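In what comes next, chain A is part of two complexes: it sits with chain B in the first one and with chain C in the second one.
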Partner chain A sequence: MEKMIAGKNIQVNEEGYLTDFSQWDKSVAHEIAHHEGIGELTPHHWKIIDYLQDQHKQEIPLSIRKIGKSGVVDIEQFYSLFPQGPLKKATKIAGIPKPASCI
Partner chain B sequence: MNEFNGEVKKMMIILSKASLENVYAAFILANGARMEGIEAELFFTFFGLEAIQKKKLEHLHVATVGNPAMHIPTLLGSLPGMEAMATTMMKKEMEKLDIPGVEEFLDIMKASGVKLWACKLAMEMFHLTKEDMYDGIGGIITVGEFYKKGAGVGTHMLFI
Partner chain C sequence: MKKLVILGAGTAGTMMANHLSRELDLVLWEIDVIDHRQEHYYQPGYLFLPFDIYEPEDIVKPIKDFIPKGVNLINDKAEKIDAAEKKILMHNGDVIHYDVLIVATGCNIAPEEVSGMKGPEWHKSVFDFYTFEGALALRNKLREWEGGKLVVHITEMPIKCPVAPLEFAFLSDSYFKHKDMREKVEITYVTPLSGAFTKPKATEALSHLLTEKNITQVNDFGIKTVDNANKKIIDYEGREVPFDLLVTVPTNKGDALMERSGLGDDLNYIPTHKATLQSVKHPDIFVLGDATNIPASKAGSVTHFEAEILTENILRHIQGEPLKEEFDGHANCFVETGNGKALLIDFNYTHEPVEGTFPFPGVGPLRLLKETRMNHMGKLAFKWIYWNMLLKGTHIPFVSTAMQTEGKHF
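For the complex of A and B:
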């Protein structure tokens, strides 16, 4: 389905995750972050978003444990930067699919 | 007034067993809740206390006796070394799936905001003190106090 995000028609699935990464840009990320209640994205948020996109490109499955070991952010900070389901929210903002991980 | 839509807001999980499969079930459910933005609290009672006992938590075993899912005869399951073998096999498979060991899992849950509570009565029964337990526990509490922490709409309780 299509959704208007940051003034553009963006392809998303029923949960609001982008289905075409080429449509992603920083303004899209900002608007999703705002909508998800994250507020302003800080340089630390961006570092995490870059990391998630990079892992996705390399087809490495994402998990909380791996993020904790990434050196980019520890688990406690990850939860405080992206409250209420950090992996779910951060991937949505990063324009990549929702991870199917339980850990 | 907003009508409650039935969503799960908090999981209160009681762990009463120390076999690895039960401990992991509790941990994965608690951690999985936090990943979805759901609050989670774990209450360790009876043998479940072994999962937060410093000396025991890295030595938990899979149950090979009385566990029909092992698909081996009970007598065979009771032979020396069987539990250790089954445990090693299970740990290998879990590592492949990026499932952490018990202590690391406790660390992850703590960092994720899962609250860990030890049952007061069971602690007394097994002659345990706070010093015997994993440092990240929130405290030693009674059943009544645990129930109080579960107050609110959308709380679910689970006994393992």
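For the complex of A and C:
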């Protein structure tokens, strides 16, 4: 479905995750972050978003543990930067699919 | 003579030994299977052991009974794989060379990954049921437990058989009902996921069942520690869930051999091509079952579909032909829901589990994503199928390797 985000028509799924990454840009990220109650994105948030996008591009499945060991952020900080479900919020803001966490 | 080595004689390794002993020319090829254990464990049985539904004898049989003639079974632990030199260093000092290696070492629980999990309460009020010892200890505990707060918990994904903890919660509900003590037990299901399951339609059906059975759900719980003294689990945001009996599925990891060999990711899973099952780094190494990092369920049924495709790819590889990119992530899992019922889910990399009929479109007799008695019979029949057909690499009639879309309501 389509949703108006940062003044653009963006393709998202029923949970609000972007389905076409080429539509993502920083203004989209900002608006989703606001919507998710994260507030202003700091440089540390951006470092994490970059990392997530990079991992996704390489088709590496994402998990909180992996992010905690990545050197980009530790688990405690990750929870404080993206409270209440850090991975699902951070991936939504990064414009990539919600991690299936492998089933 | 050339040598094909299969590392691990669990579900996957045993299937491959059976397939390849039929398909390879045993005049040209020697097949070795390595496992340090003497016994094969039917892991789906670990779900039933704690509730006195299965006995240990149902679950454990000698490995050698399932390894075909003409295949050498080597009973020792592999310590390291030297992929550059194509050899395996064994615990007893032997060195085994290979031309083609199939890794089927599975995965195991690693409770030491969470602080306090393997603490003083381990196997006293904190249990796993993902090992034979854990399931048996839990059976003994449940036999005499007088009730209180039962917490069923998943530490982190991925885990093998991701529906098993849910099934454990459902079966607990019916177990305590049968013992006439359900009102003395408060059941809570704690998961790092945002819902009962990872795929939306199945999550809806399963959440509904949790509610119906009066099981409280706690979602998005990223466990930080098990507090042994005060008997509670605490997450990274400071949320606490108290327990009298904690049944947890600890972090699952591949064998530590992968770390020593530089072959695994941070959970010791081997990066594997998801459609061909070839190692990403080493063309002479193939991986199947729980040891891979592919985004499919870690389940015996998945392994069965993988084995059919991998057998063909091994033959192609040996002949220098291009590999078939055919594995679609097909999984087919029965979910025990208690009171003699089960539901069935069938899905792959791209299609989530939905309602419908299986294996015959429009007919069944099994119903997808619906609780029925017939599905429960299917789950119980799985034990017989496992020992008598799956391990021997027999094709299951009517069940195709690639997932079917007919008969399903997408």
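The definition used in the following text is that the second predicted complex is superposed on the first by the 101 of 103 C-alpha atoms of A that agree within 3 Å, B and C clash if a C-alpha of one lies under 4 Å from a C-alpha of the other, contacts with A are read in each partner's own complex, and residues count from 1 in each chain.
Please note the rule applied: a residue touches a chain if its C-beta (ideal position, glycine included) is under 8 Å from a C-beta of that chain, and two chains touch if they have at least 3 such contacts.
As the structure is a computational prediction, the values presented were derived from the model and not from experiment.
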Touching partner for A:Ser63 - first (chain B), second (chain C), both, neither: both
Chain B versus chain C as contact partner of A:Asp74, first or second or both or neither: first
Set intersection of chain A contacts, chain C complex versus chain B complex: 61, 63-66, 75-76, 79, 83-86, 88, 101-103
Touching residues (chain side chain A, partner chain B) in the complex: 61, 63-66, 68, 74-76, 79, 83-88, 101-103
Of all residues in chain C, those that touch chain A in their complex: 156-158, 162, 192-194, 197-200, 220, 222, 224, 236-237, 251, 266-267, 293, 295-298, 331
Residues of chain B touching chain A in the complex: 28, 31-32, 34-37, 97-100, 104, 108, 111-113
Of all residues in chain A, those that touch chain C in their complex: 14, 61, 63-66, 69, 75-76, 79, 83-86, 88, 100-103
